[in-house]
Structure formats: C-alpha cells, structure tokens
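Note that chain A is present in both complexes that follow, paired respectively with chain B and with chain C.
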Partner chain A sequence: MAASTIDRRRARDFYIFVMPWLLGTVLLTIFPLAYAFGISLTNWDGISPGFSWVGLENYSNVLTDPDTWASLTRTGLLALVIVPVTVAASLGLAVLLNGKVVFRAGWRTLIYLPAIVPPVAAALTWKLIFDRDVGAINGIRSLFGLDAVNWLTGNQVFLVLVAVMLWGVGGGVIINLAALQDVSVEQHEAAELDGASPWQRFLAVTLPALSPILLFQVITTTIGVLQTFVPALLLSPATGPAAITAVPEANRVFMIDVYAQYFAFSRYGYASAMLWLFFVAILLLTGAFFKISGRTVFYAVDPRDAEAKP
Partner chain B sequence: MARTMEMSRRGFLGLSGAGAAALALGACTARMPAASGGSGASGATGGITIMSVEINEDVSKAWAAEHPDVPVKLIQYDATRLNAMLAAGTPPDLVRGLGAQETAYWAARGIAMPLDDYISASSLLAAGTLSSVNDVWKFDGSKQGSGPTYGLTKDYSLDMMHWYNLELLDAAGVRVPDDDNPYTYDEALDVARELTKVKGGKVTTYGLWSTAPDVVYIQGMLGTTGATLLSDDLKTVDFSSPEAQRAIKWIADVAAAKVGYTVLDPNPDGWSGPTFLAQREAMAQGGYWFGGQVATGEDAGDWSRLAPAPLLGDTRFSPTTSATGHWIPAKAANPDAAFAFLEWYTAGPQAEDRARSGWGLPVVTSLESELPAAEEYQKLALATQQNENQYSGVLTFSPYATNTALTATLTDLFPELVSGAITLGGFADKANEQCNELLAEGVSRVGG
Partner chain C sequence: MSVDLSPTAAAVEPAPEPVRTPSPDRRRSRARQARRGRTTRLLVLAVVTTALIFPVYWIVATSLKSSSQLGQGSMVWLPLPPHVENFVHAVTAIPFAAYLGNSLFLSTVSGVLTTLSSAFVGYGFARLQGPGKKVLFGVLIAMMMMPGIVTLIPIYLLFSRVGLVGTYWPWVLWGLSGAPYLIFLYRQFFAGIPKELEEAAILDGCSQFRIFAQIFLPLSKPVLVTAFVMSFLAVWGDFIAPNLLLDREHTTLAVAISSGYVNAQGFPLNNLIAAGSVLYVVPVVVIFLFVQRHYVQGFTASGIK
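Our next item is the complex of A and B:
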C-alpha cells in the first residue's frame, strides 16, 4: 500500500515536472514541424486562399536546384572555417586564462563580454567598422596611403561575416574554463613526475578530460553555423524583403535562400521543403558526430554504466 | 510495477502530444468572418486592431479622446505577421498598404474588402473631395484604376519625380531641370558623372539618386514610352521589349558607372534622406513628400529643389508608385469601426496636420490649401507639383505575383548583367523565364 502511494506520488511528480517541456516541445517544435511538412507538399504562397497539393515535387525541385547546392556549399565552407577556429580558440584562451596570469579576472571579463553583446548590435557595429566611406578599417588603410576597399560587397564580405561570427568566441571560453576545473590535478602531477612536458600533459590529460565538452561545442557550434542567418542578413547593406536577393553572393548561405523563398518569392511550400531537408541533414550530421565520438571522446564515467544505475 | 509505470508514461506522452496538436490545430482554423458593414460607419462601436507604421500612439490617443467607445490596439506593420494573421483568419481590422503596388494582389485573392459603400456614405469623404490619385486602390479584375475601391490613401506623391542640390549642379555647370524640361534618363546619367566625386576609393558625393532593378521603377520609366512590362491579361511580363531593354540598360549603366547608390553598392543609411541633406547625394528620387525631409535640414531649403519625372520616352508621365494608405481585410472583425477610424484618419484633423507638415500631398483635395508655402523652396516645390499633376497617372501591376517577388528575381540576376557575365538579352530571357514562372504559380492559386 505504502509502495503504491509512493509510486503514484512519483508518477504525479514526473508529470508535473515534464509538462512544461512537453507542452513546449509539442507546441513549439513538433506542431510547427508537422505544419511545415504539410505546407511543403503544397504550392501555397502563405496568403492565397487557394493552393494545390504537389506531393514531393518541392523536394525534388530543391534537390535539383543548383542554387540550393551553391548555398549549401557556402554554408559548409563557413562551418569548416568557423567550427574548428571557434573550438580551438575557445580552448586555447581557456587554457591560458586558467593559468596564473596578471589581471586574470579582467581578461576573462573582456573576452566573455562580446558573447553577451546582442548579435544585432555586434553585426551592425562590424558593418560600421567595415563601411567603405566612414569605416575604421578603411580609415586605417588611408593612413598608409591605401585606397578604400568596399568590404561589404563581393567576396570580401565573407571575411567580415567570419569576423562577426568569431566575435562571440568568449562563450565557449567560459564553458571550457568551467570544464578545466574538473581536470584531475593528480593525473597532471603523475604525468609531470613521469617527465611529461606541458604539451604532452595537455594532450594526454587535459584534452581527454575535456573531450565530452568539446564534443558538445562541436555539435552546437556546427548546428549554429549551419543555421547562420542574422549576421549574413545584417551585413547586407540593402534592406527589405526584395533586397534579400541583394545579399552579396559570398554570404548567400542556406538560410538566406530559405528566407528569400519564403518572404521575397512567397514560395512557402518550396521553402518549407528546403527547411525539412535541412533538418534531416543536420540530424544525420549530428548522428555522425555521435558515432565518431564513440571512438574519440573519453568519459570518466561510462555513459552506459550511468544508464544502468537507478 | 515499474513496467506498468513506464507504459503509462509513454501512453500519457502520446496522448498529451495528440491533444496539444489538436488544440493547436483548432486555434489555427479559420474563424468565420464577421458580418461586414453595409454603408456608413457612423456610430460604430467595439475595439479595433490596427497594423500600421504611421498610425502611432499619438494618433491613437487623439482618436481615443474623440471616440472612447472604439478603443484601438496598435500593431507595428510586419508583413510576416500580417501573413500569419491572414492565414489564421484573424487579421487586423485596418492594415497599412501601398495602394499603387498591392491593390491588385489583395483584391484578386478576396483578402481586401471593397469600401465603396462606406465611401459613398461618408460625409467627410463627400463626392469630389477625394483625389483621383486614390484610383490606384481600384481594381476590376483586369485593370488597376477602375472597379471597386479597396483602400484609402493617407497622402501621396508622384514618386518618379526627384529633388536636386542646386548648389552642386550650379557648381558643376550642368543644366538644371525645370518644370517644362525634365531630364531624360540619359541626361541625368551624364550629369551624375559630372557630379560624382571619389577620393582615395571613398565616395564623397554621388551624382545620381539611388537606383535598383525594381519592377515598380521600371514600370514608372516605361510609362513615358507608352509601353508596359505586363501582358494585357497581367499573366506574363516581357523584359525583352525595346523599351524595357532601354530601361534595364540604363539601370545597369548607372551601376557600372558607379554614379549613385545601387543594389551593388547600397546606401548604408537605407534611404536618401540623410545622404541628400549631408550633400553626399546631389539628387534624391522622391516626390513632394521629400520636402518634409528637406525641412529638417539646416539651410537645406536654400539649395533643395523639386524636379519633374525624367523621361525615357517622349511622353510626360508621372505616376504615384506608393499611395501609402490603409485597407480593411475582408475578414476584419469590426469593419464598421475600422472604416470610422480610416475616414477620420484620412480626412479629419489628423489629415490637416499631415498636410501642414509637407510630408506628402493630401488625398482629400480640400486640404491642399494647408500645404506649406512659407519658404521659397516650398513655394517652388508646390508650383512644380501643380504643374506635374497634369501628367499623373496610374500604373497597373499584376495580381498574380508580388512586386517584391518579381523585383527579387531581377535583383538576383542584376550583378551578372552589370559584370558583363550575361548580356542584356540574356538577362531579359532569364528574367522572363523566372518571373513568368512566378506569375504562372500565382495564376494556379488565384485562378483566372
């Protein structure tokens, strides 16, 4: 009887605690996903009372559209640049700031500060810095007698996008700093006694201990970069829905194309198909990361053992 | 016991998911439209929701002071949110719109409500006081400018006109346009070359106004040739006609010559107001309304002048390409009160205040006497405007695709044209193919 009461109480607690997440997931994730999938099977423009079911035509059109592959390639290239640099830089800075350096708290604050600047403000600031006529970069160039460069057009705007996206690297530094506090001091001392150099200790002790955190960072940064939208849009000097196609080609990443299809071309069905395919691609990529991590990530406690425990 | 518990939880999760989805779906089903008002809106009661830019808190307070029984809830204009509200069947009661560009699109889809009965019953909008410019809000299914009226213009300008900096033009020794002798587009480009100043790679002054491969702009240019981009049934466009080719070539020539802001080198300020006042643009495209901006600049009135619309062909033609105003969705919950507000806003004391400010021409002709004329430039602008009125006209746009979509297509292709990667003919072929595909999709949704 007593056991039954405890079980009922545990069940009630479970429902209470899980309800906010459950409602949020259903209403804000599952329902929109299902709704978008329904739209992706139509030629709806988002506003007309009439539309036709087109089956999987939007999906085949997306997959055979050269523009899709071009923007996917640009997005992949951006991820190849941003993800390794972000993860490596945030790790390197965290290791440096974990040591005994002068003004340590100040450095930590300064490096973390950009991560909490609103992305819109950061992008607009960088846009101003790189402005052709009044920007600081061209101001410095002019001191050396160099002509101004139109940074916000052509291929050079990709460099500005990279700068904006690396600006928030301090967010990863904080996570790595927290993780570094858990690295075993005893193992470091043992390695030191065995004659390991600082670099060897970093590779053999610190890195394996941080590998679960690094995996987390690789996955979240990759997903974040693949979904890049706001910085690319804000760096475009043109404004308005029609101007979305005026985003310089170098910055026409996948989500910019999705936005253009939705709000410039009013192709809600086509754009929804783009998003669904992108969702599946990210899902597969994340799965691949986990598969690879099984051989490269070190857990102090085996996750399978942890699962078996009550 | 543990097993039973696990199954129970899974069942609960599944049922909860289904229930929540059902609730969400229920919320998204279209609400039955409220009965639309007949003629007249006097005595309307109940709250209204307005999605606008110009109708702000101050306007709302002024309305509330006179109409406490019709409270207003304001929503900032947002095309995406409007789409969502229309799709959900719960649109605002009053929506901002560009009558010249959007009327056909809304009307063909049955989304906008005809306002003729309301207008004919209105004492504030008595017959004859509404400028013919408001005809841009009319669409009969095949032509803009005739048929039912779907909205009321707030105020307007003839938007292909432009302002110029008299000091800079005089200093360059170039011809200054006058009311009877507007620039041709080619002459404007030549003048712009003289006026554009570049130093160390930085542009200190652009000679020409901002340009873009915009279908509205191209239609405005073509108006002076008697041609149009659209077929008679509005279902296709043709960018390969000699007139369209001339217009597109001119826009590309401007971008290649780098004598003004373009989509390849957009104005960082987003519009010409600040750059013209800072004398960094010698010319700014904009009709009479731009005088409101001139009034904000110190001494800008001394050197700012309004000029008539340039000519691509031989015929003077000066359309309004915006006619910004408001319309009532067919599914508005409280159209009577919405029209009462619209009537008050269009022709009441608010309209008088707007006319006095010089930020546009009033659509109610009796308010024209309120336009500012204290400064010399204001008198000259008014005279230029009055002369230009004889050339005003209505452009027609297709109901099957938004101008945004067609312009986005051109914008996408434009860099290749300017760089020489494709020829003018190649540009026209691609633009025709892609724009006509968009229009065909629209025809399949709307019918016709």
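Our next item is the complex of A and C:
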C-alpha cells in the first residue's frame, strides 16, 4: 500500500520533470509533421483558401519525377564525398594530435576554429575565395598563367560546396581526441612490447576502441549532409528570395528542391510529400544505425549503477 | 556496413613476432624512425592547418581592401595600408546595431531557457522512474537524429496561421521544451552522480524540485556552461529559422549579413560582406576561446565524448 503511493508519487515526479520536453515534442515535432502529412494528401498551393484531397498522388508524382532522383543522386554523391573524408580525416588528425607533438594545444585550436564558424559566414567566406574576380583560387591560377574560372556557376560550384562542408572537419577531431583519452594505455604498451608497429597498434588497439564513436560520427555526418541546405543556398549567385531558384543545378540538393517547391513554386502538397519521404528515409537510416550499433554508443554511463533503488 | 563493436575481439589478436628484448641496433633504428615520424606528423599538421586557416586570412584580408582593390584583374594578396574604414561602413550601411541586438537577445533568451529546461528534463530521465520511461527515452534518442529542417517548414506553415511568424515566440517555445541532445548530456551527467547525495535529502523530506535545484543543478556547472554555449551559438549561427520566421525588422545578424551588403545596382559589396562576416564571427570565436576548457569537460562529463 505504502509502496504503491511512493511509486505513484515517483511516477508523478518523473512526468512533471519530462513534461516540458514531452509537450514541446508533441507541439513542435509531432503536430507539425502530422500537419505536413495532411497537406501532402492535398493539392494546396499555400495561398488559395480552397484545395482538394488527392490521396497519395503527390507521393507517386514525387517518386516518378526524374528531378527527385536527380537531386537525390546529387545529395547522395555529396554524402559519399563528405562522410568518408570527414570521418577519416578527423580520426587521422586526432591521432596525430594525440601523439607527441609540439604546440599541441595551438594546432588543436586552429584546426577546431573553422568548425565553430557559423554556416552563413562559412558559405560567404568560401564564396569570396572562389569568386571569379576577387577570389584567391583564381588569383593563384593567374600566377600560373591560367584563365579565371567561374566557380560559382556551372558544375564546378559543387566543388565549392564540398569545400564549405569539409571545412568543419575539426568538430570530429575534438570528439575523437576526447575518445582517444579512453583508449587503454596498457593494451598499447603490451602491443608495443610484442613488437607491433604503430600502424599495427592503431589497427588492433585504437580503431576497435574508437569504433562506436566513429559509427556515431558516420551516422550523424550522413544525416547532416543529407539535410544540406544553407551552404547550397548561400552559394547561389543571387541573394534574398531570388537565391533559391538561382542555385546552380549541380548544387540543387534534395532540401533545396523541397524549399523551392514550397516557396518558389507554391506546390505545398507536392513539397510536403517530399518532406515526408525524406523524413521516413532518415527514420530508416536511424533505425539501421541502432540495429548496427546496439546501445554501446549511448550508454557510456549506466544509470542503473547510480540510481537509488526503492 | 558491419562494424565490430566488441573492443576486445580485435584487441586481443596476437601481434606478430613477439620481441621482448629489442637489440641495441633495433633500438637505434627505432629512434631514427621516431624522429622521422615526428617530422612527418608536423609537416602534415602544418599543411592541413594552413589549408584550414587560409580562408580565415582571406575573409579578413578582403574586409580590409578598398573597392578598387576588388575590381576585375587586380589581385591584392596583402591589403596595405588596410582599409579599416570598411568596418565603419559595414555597421552603417545596414542597421547593424539593431540586428546585433536582435541576435544577442534571441540567442541569450534561447540559451537560458534551453539550458535550464534541458537540465530539468535530463534530471527526470536520470533520477526518476515512471511507466513508459524506456519508450520516452527511446523517443528522445530518436529526436536527437531528427532533421531540424523537416519540422521547421511545417512549423512555419502552422505559425503563420496563428500569427506567430514575425515574433520571437517560436524560440521561447523551442527553449522551454529543451534540446534533445542537451537533455541527453544532462541525463548522462546526472546519472553518474552517486545516489548517497540525494538520499539524505529524501530522508529529510525534500521535494524532487529542491533536490534538483539545490543539489544537482549547482553540481552540473561544466555541463551548464557547455549547454548554454551550444544553444546560444546554435541560435546565433542559425540561418533557416530566422530567414523563414522573422521579418526584415526582427531578423538576426546571420540573415542580415547574407543579403544586406549590395550597392545601388544590386551587386554585392564584397569588402563589406567580408567585414560584416568578421564582425559576426568574432563573438563566436571569443566565446569559444573563453569556454574551450569547460566545453571539452562538459563533453567528457557527459560520457558521450
């Protein structure tokens, strides 16, 4: 009897504490998603008061539109370039910084610095580096007698987007550096005594210990890259509301496509269907991640060790 | 994608040819190898760091060039004398102070609300029990992966119907509901605190609120700093939400610098764009340098690393 009152009070306390987040999730995530799903079943243009229900027509239109597959391919290509390079480079740099190196703190700060630059400033910076007339890249080309290139139009703008996104590699370096602190020193020393080369030690000791955090980075970077929007938009030659439709084809990634369908072409139903398909894809990806990783990544501290038991 | 997640499996693999006592010869060649390794490492670091820092130099250099130095066919690598007056123009060509105020206000309000709310919810997940907790925690983890832009556009559509577009209320609501990642950070931190701490308080009849506010919150200072800085910088750096949800008058610096600096013909004023960007990024760098130590501590304390 007494125990159940305590249980009930504990349950009440738990729900009071998680209530702000729970309400927020319902109001700011679940409800908007449901609303978008509703719109995706209509032909609403966002302006007219009237609309009609079209069922799943938008979904079949999205899936059969070659533009969808083109922008998905571009987005996938971006992920194929950015994810391996970012994860491998941030691991390599972290291992370098973890060894005996002079000015270690200085290198670390300098490598991390670009990662904290907000995306708007990062995009504007790279736009100035690749500018046709005042950019450093064309400046270097002219030193070698090469002609100026229009980097911000045509297919080559994809390279600029890649540069903007690789610039943040330092974020992963910091995470890996923290994780490297946990790699067993004893195992390293034992392997060294056994005559293992640094490369063998890296493969046999460091890499397995870091694998959960690397997997975490692969997934978060992948999801991040699939959502790419701001850099692609800001590398557009136009600014303001005209920017979205002026994004060169090579940079028309999936989210640019979605945004343009909403706000440039007023196809709210169609765009909402795109949004939902994207959401489901991310959901599946996240699910696959949990299936692969189990709970190793997220349960570094087991709360059961510390919790008060009744 | 199959990754071996058991750290021991690969680690116990026998290393080839065990040499317990290296000969002096071998030791000498090892030393030479180590020295060469150190030089290579430094070289790689220097090259990578130069590539990463050059853009910073370029934006600062561009911000110090005159408009004639930015004309076609005149590549200036080092703007001397520096045209510092660009910074004066950058803050007067657009209502810079007003946008700065908007950014500061929105980021601070958001940061404080998000930090406190996340701590509150994180405490619930770390220390309290209730039916459905496991499921809710699963939802929380899933929300960490939730792509922000997917909910943002529908939120814009909904909020424009109820007149919340053009106000800061969306940020207040986001702040009050906490951020999944920060909730997780706090939960990890609070879960690691020994239970003896609160047992005495429970025996004294303290409510969970007092235990949270008087025992746990003060203990979480490193996480508090990390969480505030992260949520402050998230709003400071955000472009999509203010671009969608705020009008020209209420918008933030991030939106203003991306489209404000154009001449009468609509062409971009590159030196002012650069100067505005520098002014926009400097607070971020200063904050970061101040809290760098705390920041890493907060990550370490969270156990996520």
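The criterion applied here is as follows: the second predicted complex is superposed on the first by the 274 of 310 C-alpha atoms of A that agree within 3 Å, B and C clash if a C-alpha of one lies under 4 Å from a C-alpha of the other, contacts with A are read in each partner's own complex, and residues count from 1 in each chain.
Assume contacts are C-beta pairs under 8 Å (C-beta built on N, C-alpha and C of every residue); 3 or more make two chains touch, one makes a residue touch a chain.
Keep in mind that what you see is a predicted model, and the values were worked out from it rather than measured.
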Overlaying the two complexes on chain A, which is it for chain B and chain C: clash or fit? clash
Let me test your reading of the model: by the given contact rule, A:Phe31 touches which partner, first (chain B), second (chain C), both or neither? both
Taking the superposition as given, does A:Ala191 touch the first partner, chain B, the second, chain C, both, or neither? second
So, does A:Leu22 touch the first partner chain B, the second partner chain C, both, or neither? both
Just chain B (first), just chain C (second), both, or neither: which does A:Phe265 touch? first
Touch test for A:Phe279: chain B only (first), chain C only (second), both, or neither? second
Is A:Ser142 touching the first partner chain B, the second partner chain C, both, or neither of them? both
For A:Asp133, using the defined touch cut-off, is the partner it touches chain B, chain C, both, or neither? Pick first, second, both or neither. both
Broader residue contact with chain A after superposition on the shared chain, chain B or chain C: C
With the two complexes superposed on chain A, say which partner A:Phe14 touches: chain B (first), chain C (second), both, or neither. both
Report for A:Pro49: first if it touches chain B alone, second if chain C alone, otherwise both or neither. first
With both structures aligned on chain A, tell me which stretch of chain C collides with chain B: 7-15, 61-69, 169-177 or 259-267. 259-267
Overlap of chain C and chain B interfaces on chain A (superposed complexes): 7, 10-11, 14-15, 18, 22-23, 27, 31, 35, 46, 131, 133, 138, 142, 239-240, 243
In their complex, what parts of chain A are in touch with chain C? 7, 10-18, 20-25, 27-29, 31-33, 35-36, 39, 46, 89, 93, 96-97, 99-102, 107, 109-111, 113-114, 116-121, 123-126, 128-129, 131, 133-134, 136, 138-139, 142, 167, 169-170, 174-175, 178-179, 181-182, 184, 187, 191, 193-196, 198, 200, 203-205, 207-209, 211-215, 218-220, 223, 226-227, 229-230, 234, 239-240, 243, 255, 258-259, 262, 268, 271-272, 275, 278-279, 282-283, 286, 289, 292-294, 296-298, 300-303, 306-308
Touching residues (chain side chain B, partner chain A) in the complex: 1, 5, 8-9, 12-13, 16-17, 20-21, 24-25, 28, 79-80, 83, 86-87, 109-111, 200-204, 214, 263-268, 270, 401-405, 407-409, 411-412, 415, 438, 441-442, 444-447
With touch defined as at the start, can you tell me which chain C residues reach chain A in the complex? 1-11, 13-20, 22, 37-38, 41-42, 44-45, 48-49, 52-56, 58-59, 62, 65, 70-73, 75, 77, 117, 120-121, 123-131, 133, 136, 139-143, 145-151, 153-155, 157-158, 173-174, 176-178, 180, 183-184, 187-188, 191-195, 198-199, 202, 208, 212, 233, 236-240, 254-255, 257-259, 262, 268, 270, 273-274, 277, 280-281, 284-285, 288-289, 292, 296, 299-300, 303-305
Per the contact definition, I'd like the list of chain A residues that touch chain B in the complex. 3, 7, 10-11, 14-15, 18, 22-23, 26-27, 30-31, 34-35, 43-52, 127, 131-133, 138, 142, 147-150, 153, 236-246, 249, 260, 263-267
